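Listed below are the structures to be examined.
Here come two complexes built around chain A, the first alongside chain B, the second alongside chain C.
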Partner chain A sequence: MNIIRMVDANDMEDIAIGGAVLGTGGGGDPHVGKLMAQQAIRKYGPVKLMDVMELADDALVVPVCMMGAPTVMTEKLPQGDELMNAFRALEAVMGRKIDAVLCGEAGGVNSTTPFVVAASSGLPLIDGDGMGRAYPELQMVTFTLHGVSATPMVLCDDKGNSLVLETVSNAWTERLARAATIEMGGSALLAFYPMSGAVAKKAVVAGTLSLCARIGETLRAARAEHSDPVKALVDLLGAKTLFHGRIMDIERRTEGGFARGKATLTGVEDWRGQTLRLDFQNEFLIAESDGKVLATTPDLIAVVEADSGAPVTTDSLKYGQRLMALAWPCNPLWRTPGGIELVGPRYFKYDHDYVPFE
Partner chain B sequence: MIRIGIDVGGTNTDAVLMDGKTVLAGVKAPTSPDVMTGVVQALRDVLASAKTTADKVDVVMIGTTHFTNAVVQRRDLAPVAAVRLCLPATASLPPMVDWPEDLRDVLGNHWYLAHGGNEFDGRVISKLDEEELLGIADDIRAKGIKSVAITSVFSPVSSEFEKQAGEILGRALPDTHITLSADIGRIGLLERENAAIMNACLRDLSQHVVEAFRGALADVGFTGRFYLTQNDGTLMDAVFAERFPVLTFASGPTNSMRGAAFLSGVGDAIVVDIGGTTSDVGSLQKGFPRQATVAVEVGGVRTNFRMPDVFSIGLGGGSLVVDGPDGVKVGPRSVGYRIVTEALLFGGSTLTTSDIVVADGGAELGDRAKLAHLDHALIRRARDRIAFMLEDCVERARISADPLPVIVVGGGSILVEGPIAGLELILPNHFAVANAVGAAIAQVSGEVDRVYALAEMTRDAALDDAKRQATEAAVAAGARRETVEIVDVEDVPLAYLPGNATRVRVKAVGELHVG
Partner chain C sequence: MNIIRMVDANDMEDIAIGGAVLGTGGGGDPHVGKLMAQQAIRKYGPVKLMDVMELADDALVVPVCMMGAPTVMTEKLPQGDELMNAFRALEAVMGRKIDAVLCGEAGGVNSTTPFVVAASSGLPLIDGDGMGRAYPELQMVTFTLHGVSATPMVLCDDKGNSLVLETVSNAWTERLARAATIEMGGSALLAFYPMSGAVAKKAVVAGTLSLCARIGETLRAARAEHSDPVKALVDLLGAKTLFHGRIMDIERRTEGGFARGKATLTGVEDWRGQTLRLDFQNEFLIAESDGKVLATTPDLIAVVEADSGAPVTTDSLKYGQRLMALAWPCNPLWRTPGGIELVGPRYFKYDHDYVPFE
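Up next, the complex of A and B:
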């Protein structure tokens, strides 16, 4: 088996930072997931990160995730057994052993949750995920574009409830799982999208977990050398700086289990006199300046602290913060007609066509 | 209005006496191990220097790093019982999970997970179990712990469980301090719990320190109002400070930066505050310290306070200078307040940065003859090393290529030989006591925290109403109306209440009304 790297408890610091950058403002603060992963790695040993191409075609691979509103996860932490409960229960439903753990979403808290299961089970973790970023809904994965069903799926909560879903489409899985998640108190943990090694090789956005680690390492190194962390990050990601400004207003509402809202920034330095509006639905989805759309989903829009390059989540936006907005192109799988239909601006009820960000 | 600002640092206790915007006198006295003696000394000196008496003074403002230092140095901290109301949720990560081990050990690592807590929408996770809490009280009593921090899941949305548990534990454990997390922090369980636990471990000390301040002021005949400064640069009265010592964290850097802006008349600059043991470096924007936007750690513990983005390096007037095979090393060890006996120039036997500067003719201090034996090459290398350290930290604090001036304040300012990093250098009058000036000019705040039903009014109208009320509250607390600014606006939708209810928090600050 070709092991890309062994991930120990210290490496989780870098991965959590990288996960927050790919989280594009959402996916939840990885801090809680990082602490859980570190606890599991200290108890069971380091995690083997494996190239997806190394999987046997008939291997069974299962992604695990946390689902719910980001603010809920920073306040109501998991009970602790939910992830392994969901993983083992899905194994029972499938009637066979799972061979490898997969990451559903490399952005936010879910960049770290698969490490808990990989460490606890001793199974390898695939270096890749189903998004290359973060998204608010369960069907928004490249797995869907390849016809993989989200079910059978197991959803577990902190009270010990578990739910097995069999649905007719991934959109239905999202609707039913979302309703259950809200009932469960706004956050739940799940194992879903069971797939073969052969399918995983086509459907996985490869290399995203090691990219998370490199993002963390890059920011850390830039700060240690006193060079510009934002520039180092822009270079690593092939991104562009959209805006530099200060938050003048944040409007939030919680709707159907999502943190929706918009933030308005007023420009400083080269952007003086301009304003930027960021629309978010857990993640930053649209960046618009004075009526002109600068970038939209599925391209990635990340907001970082202007001086340190530290990623800022939509739920930690505060009045007066000085921030920089960056954008870079998404994985090509998202730019297909099917991808745009699944995660383009119109899906999120914004009246814009997708214009690729280059 | 005559006011006295006092800054109690690890090395020196500084005091200034101001009449309106004029500094009439500024003095420094060594900080004493009991705190009080040093404060009394500084008060007597500043009154004598301004040729006035305590009965002429209207108000006293005190900034202290005592509580931050206690946590950073792990001393005078009381054991704490951390009680989390949460079960069955949150058991994956226990209280203090992300703390440095040594600090956790000092506090005893006593924690209890109990039933209680709310969901995001106000529903109950599980009911409070009085029997369970009484069992926890028995254990706390048996362990002899005298301070309890209670954190309930989603207490910023509903603090009922914390209050009820506080009453139950308070009845079962008389003479025990109870800290409720909802009084201190916001959403973010671990960070709010961390702040509550740190507050709890400081309660014994805060009683002692506030009593010492009260005693020191009485000792010089002052009977008026006195305040402590908080991390956001505003004031809290002594009774409140005794209950919430954690709110003084990082008030030192805030005071020195605001003092530097006031004394120099410059609003945008980099401020280097050189003390006896460390230098604090940060940047000033429109007269206020730039706020950190990411989680700030205090003594290695993650919190979600709003704090100035300041970093410290181990360079001060008392820093040890050690020559070795790898070159000359300066700091981070320091003689601290013992400089007056241990530095060479005061007849001691330890080579410090102050000795180097005085030997080089950079300042008049102590007995220069005691430094005659120092090697000239060593003096040069040590000064170069100090200059390098200052340049490095100023470069780190620069947030743009703009040539901002550097304001140097603090008792250790003699370490600066000339311009740092090629930037304009400002050494304002009274630079040595900028912290105390910052305390003296600390502002008063007004806060509004209420629920609006957005079915009845627009969000903008609700925010405007809250801003107006916060402004009025600041004015009522003594702020001059034309100086009041809105510094914090936060609205949290309460999805569980009908009528699209939202909780709005607004904070306004202004200058204390003068004259």
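Up next, the complex of A and C:
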């Protein structure tokens, strides 16, 4: 096994920052997952990060994640044990040993939770995920585009309840798991999408965890050198700066479990006299300036503090903040017709088609 | 194995009528379950009804039932296959063959659904249940009073989705299964409370299925002989006639998935000048006359047509109907402190204590 790197407790700081950037405003605060991962690494030792292409074709790979409202997840700090319970229960259902841990969602809190299971089990963690970003629903993964079933899936809560789901589609997995998670108090731990190494090689968005680490390192280095952190981030991601401005207006509502809303920014410097409207549903999904769509889901839209480059989540947007909006291309899989159907603007009930932001 | 009787498709007519009487106004219309059972019996042969005391101590016994809103259950006529899917899936989870089928609830639709599984599997059906009547929630069974866990439980829908639940209490089973059932469209099929023969001998309310059959036979015979069906029913059940009157007022509301309400009757014959108030939550739970409580849950309160003795469900109560209200004692287990806590008036949010109706 070729180890890309060994991830220790300190490395989790950078990875969590990177996870917040790829979280594109949503996905929950990686701080909580970082604390869980650091605790597990201190107890069991560093995590072996592994290239997906190194997997044996017949290896069994299992993604783990937290599900629920970010606010609840961060209030009810879960014990790493509960993730391990889900993982081990799925292993029992599969009737064979799992060979590697996978990350379902590299953005937000779930960029860090798989490190808990990898450290606790001693198994390698694949450097990649099923989104290359954050999305709010279980079926919104590249695994779905490759015909991988989300089930058998195990869902556990912090009280000791657990469910094994077998569903007829990944959309049904989302519905039933969502209902159970709400009943369990708003947060649950999952092991799902069991897949072979051969499938993982095709279905995984590769390299996203080491990208998370590089994002964190880059921002940290730029601040240490007193150079421009946002410029360093833009260069690393191959991103475009969509806008630089101040928040003039925020509109929020909670609908169907989503934190939906709009933020309006008025431009400064090169963008003086212009306005930007950001539409969000947990994640930033659409950036529009004076009637022109600049970027839409599935491309990534992140908002960072103009000075520090620190990522800003949709729920921490405040009047008067000076921010920069960045966009960069999503994984090519999301730009296929199947990808657009699963996570394009129309799925989120916006009345326009996907336009690649370039 | 000592067979009490072989139940054929015609016998299901009487059993369904008896199930409606023990349904005490709720539990869903046994007509649907009867059709399913008749179909299965015609295809696979009669059902062997077995005395619980004949079970080997190490036998594995599994109750099956439908869960959900009675109106939905009867609109979405399930195929017997879905009950068999739940049953076989629980057998796989238990890792051993099931030896006998059990009835969770002898009142309402679930007095007949276990016949589907017994006929389809060729296994004997135990003559008994976990209530001796109908109740709306999964934990409301004598099995709970004997410390039997509702899980592992399998819950299936008509689309092919299934869940295996493991919960920390039977109240949690109810919460999670209820949430899943609602998401599945309001109706689901269950196999749960797996127990040994030794436990079943203590925890089962024995004889309720043959009582259902006798109730149906008794009403049918009385009508054929032009004798008084209500009197025959009262004699069979050791019941007391609480009231004879006409419905003057009905008040209904749906709250938390319950069909709650009150019906007021004005007396005729011996009860002229008096009024009766029946409180219901799916089932009739309290009968009160002019400020005096005549009977309360867990004792059984049934309402029948004064002429035919035909049982009347809470959702078919209509202004002007001439009805008789009967009450008879519940199984002694329900009168223990644990039983009263689980299904007494206070659990249903009525502000008074249980008073044995005698």
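By our rule, the second predicted complex is superposed on the first by the 356 of 358 C-alpha atoms of A that agree within 3 Å, B and C clash if a C-alpha of one lies under 4 Å from a C-alpha of the other, contacts with A are read in each partner's own complex, and residues count from 1 in each chain.
Definition applied: contacts are C-beta pairs under 8 Å (C-beta built on N, C-alpha and C of every residue); 3 or more make two chains touch, one makes a residue touch a chain.
These numbers come from a predicted model, not from an experiment.
Applying the stated contact rule after C-alpha superposition, one finds that A:168 touches chain C and leaves chain B untouched. With both structures placed on the common chain, the touch criterion links A:176 to chain C but leaves chain B unconnected. Of the two partner chains placed around the shared chain by superposition, chain B is the only one that A:323 touches, whereas chain C remains out of contact.
More residues of chain A are in touch with B than with the other of chain B and chain C. When both complexes are overlaid on chain A, the residue A:122 reaches neither chain B nor chain C. In the superposition on chain A, A:308 makes contact with chain B only, not with chain C. Using the contact criterion defined above for the overlaid structures, shared-chain residue A:147 touches neither chain B nor chain C, since it reaches no partner.
When both complexes are overlaid on chain A, the residue A:253 reaches chain B alone and has no touch with chain C. Within the superposed three-chain model, A:160 lies in touch with chain B and with chain C [touch as defined at top]. Residues common to the contacts of chain A with chain B and with chain C across the two structures: 159-160. Contact residues on chain B toward chain A in their complex (touch as defined above): 86, 88-93, 97-98, 117, 119-121, 123, 125, 153-154, 187-190, 290-291, 293-295, 302, 306, 309, 392, 395-396, 399-400, 459, 487-493, 495, 500.
Against chain B, in their complex, chain A makes its touches with residues 31-32, 35-36, 39, 69, 71-72, 74-80, 158-160, 185-186, 226, 249-254, 269, 305-308, 310, 312, 316, 318-323. Those residues of chain C that touch chain A in the complex are listed here as 159-168, 172, 175-176, 178-180, 182-184.
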